[in-house]
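Naming follows writing order (A, B and C), and every chain is counted from residue 1.
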Amino acid sequence: MPFSPLIALITDFGENDPFVGIMKGVISKISPGLELIDITHNIPPGDIQRAAIMLWQSKPYFPPGSIFLTVVDPGVGTSRRGLIAFSDDHIYVGPDNGLFTFVLDTSSEQWELENREYQLPHPGTTFHGRDIFAPAAAYTAKGIFGSEFGPVITDILRLPKPHFRLSPHQIQGEILYKDRFGNLLTSLGKFTSLDQMTFEIEPWFDVEPKLSGKIRISRAQASILLADGRILSWVDTFADLQDDECGILLGSSGLLEISANQNSAADLLSLSSGEHITLKF
Amino acid sequence: MPFSPLIALITDFGENDPFVGIMKGVISKISPGLELIDITHNIPPGDIQRAAIMLWQSKPYFPPGSIFLTVVDPGVGTSRRGLIAFSDDHIYVGPDNGLFTFVLDTSSEQWELENREYQLPHPGTTFHGRDIFAPAAAYTAKGIFGSEFGPVITDILRLPKPHFRLSPHQIQGEILYKDRFGNLLTSLGKFTSLDQMTFEIEPWFDVEPKLSGKIRISRAQASILLADGRILSWVDTFADLQDDECGILLGSSGLLEISANQNSAADLLSLSSGEHITLKF
Amino acid sequence: MPFSPLIALITDFGENDPFVGIMKGVISKISPGLELIDITHNIPPGDIQRAAIMLWQSKPYFPPGSIFLTVVDPGVGTSRRGLIAFSDDHIYVGPDNGLFTFVLDTSSEQWELENREYQLPHPGTTFHGRDIFAPAAAYTAKGIFGSEFGPVITDILRLPKPHFRLSPHQIQGEILYKDRFGNLLTSLGKFTSLDQMTFEIEPWFDVEPKLSGKIRISRAQASILLADGRILSWVDTFADLQDDECGILLGSSGLLEISANQNSAADLLSLSSGEHITLKF
């Protein structure tokens, strides 16, 4: 694996307290001068699924060797394990609570963060981001290999899968969350576009029943059905929508999104996380 | 132009979603180890003018060679162009939608971001910050020159000018926006102070009618008239104001600001963006 | 002192305005390529005590040679002094208004920031973070020593001490503030744990009457008494608390905190800063 001394951070620590700065101080003390990139620190407190999805969205755009330090850790101080994982080109560090559901697969290797030599002295019970995870990321950046941290883990904890059910000519999914602009990300993906009107879908997590190959969908014949019967059509970009009109478009992560034009689709439609939606095609 | 490998970022992407982190990942993949400085990511969604003013406020304080990656892009996916501009000591990258109104002049050079070689493969229709602008900034930092990105642009889009009307012994302007502390920035500037009581004004954008030279103004004889008839006097610093008193002072960008002492002038006066104000002198 | 080119920033400038980005531009112009770590910029406007405590919480985790650029400066433009201080392994830069109360002691050395050579030309009256403090931090990182900035200061301004009163078998303290998760930090500390049930306290600031040596406290016999008579018991970590139950635990800074399990203790108890609490042991 080519090496790039970069640590990318995702936490629910917010930006008002010194938690993130302290983690960076710890990193800099162990491994000075690394490139540190904040993905976000505003994961809603304890929202492991949100962080897990964000990690999946972010990782393809980071250089090989990037270390993702991910700390959303409501179980801190309990017996939940800390882990370091190597998968494809990237390294992941954080609590074993489902955060890595969408980025680790059967080809990944994971180890428990057990070796006290690579932790701060006397770790407390409330801030493993500082005492265990930041040091692990910093030592990894210095070249410490996974197996030096502790024993292999083969049974990492995985989150329940988002809703995704394929039937003839339709896929049912769910709304995951809204972004800053009020776009509603859905579980329907991952789509790639073959041309402006034709798309292929390959699920971004293991689904049951398995799809036999990719499914090809023509935008012209596709629409989204909301749970209350409303129908949205699939457009190319925001500007194709009239004022206060909502539509679906292929979001930047390859997931279908419900969007409006310079307006919040979440507000216009009063939809929220978990509601079912159906793609007809 | 001396070269400094620094990219400064201004966006309306907020800090809750992975957008900014992903842009930085893209930059680091192309051009690792650059200094990345966040100016802000909390531009109100789609507020091009706010970002344009902030860029003007920030640029004098950045080293020669700094690249300003500015993405407030409500027209993403439409035919609006992407551009890279070289002006004085700085480089600007972003959509051609008025963002660069206050930093580019007739001596600047601009090129359209057209060359697919310096974009991510298969750019989408919703996130050119990731697919086009971040790569352009990163390749520029590696030494790719403006003309390699695409054809010259001579007709960049410019925003309407803020209100600024000179009459004998008065200038009428407008309130631009409030900052975190509740100070109200106005279009009246750019002032420099000759001494504690004497100031010169030279407009910070092209105004009609043109001023013939700089205008000298004595603080002792100057006051601000609000639209409803209230009058504010010009003070030296915040501490010169009594509790709940508002006054005008020379803000850090050379614009007159309406301020209070450890209080929000915006709240005390109930003023908001666009309202007219008159400097009498 | 070993040298590490790192500047850590604490301000009340928020994240919506260009203030912090401009300070970093100034730093980069003087001293390019430094590692810059944001601790927070969301100190409530003018809340010097909050910043002073955060500085105390953060500093042990930063490498020797770190420069803390701390700007919460409601008195900007008045005669309050700017200072640079060297203490133990760290350097502090900011206004002399109490910010450094908890990190400087009689062994520290301080100098006034007076030398115009290490400031921006023509400092204004409203943004010394940009004109004076950021340059001082950047020049220090280049090796300029404290005494080159100006005369020695021996009488730095100190904040009033938080409440802390020892009586037989109890210590009375106060609530300092709540963090993002709704944990309420108290002035009761600094505790270190000898084992899971036994703790020692050594005050983190000068208290009257002085403690004669450290006090040893057994968790099993300790409880917190709120001003209204409610009693909280001391637990090991968040997960030991039932739904909606609040307890005390040893926070990550060594201060006792009032916490809940995946819930906000501040909301559950309706307590706020300044309220007294008593540790019985």
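We adopt the following convention: a contact is a pair of C-beta atoms (placed from the backbone, for glycine too) under 8 Å apart; a residue touches a chain by one contact, two chains touch by 3 or more.
This one's a predicted model, so the numbers in the text were calculated from it and none came from an experiment.
Taken as a contact graph, the chains are fully connected, with every chain touching every other chain. Although chain A and chain C carry the same sequence, what matters here is overlap: shared residue numbers make up under half of all numbers found at their interface. Superposing chain B on chain C by their CA atoms means rotating through 120 degrees, a value rounded to the nearest 5. Centroids of chain A and chain C (each the mean of its C-alpha atoms) stand 33 Å apart. Among the residues of chain C, those in touch with two or more other chains are 15. Across the complex, chain C meets chain A through its residues 4, 6, 8, 10, 15, 35, 37-42, 54, 57-58, 61-63, 66, 179-181, 193, 236-239, 249-252, 257, 262. Chain A makes touch with chain C in their complex at residues 12-22, 24-26, 28-29, 32-33, 36, 45-46, 74-78, 122, 124-127, 130.
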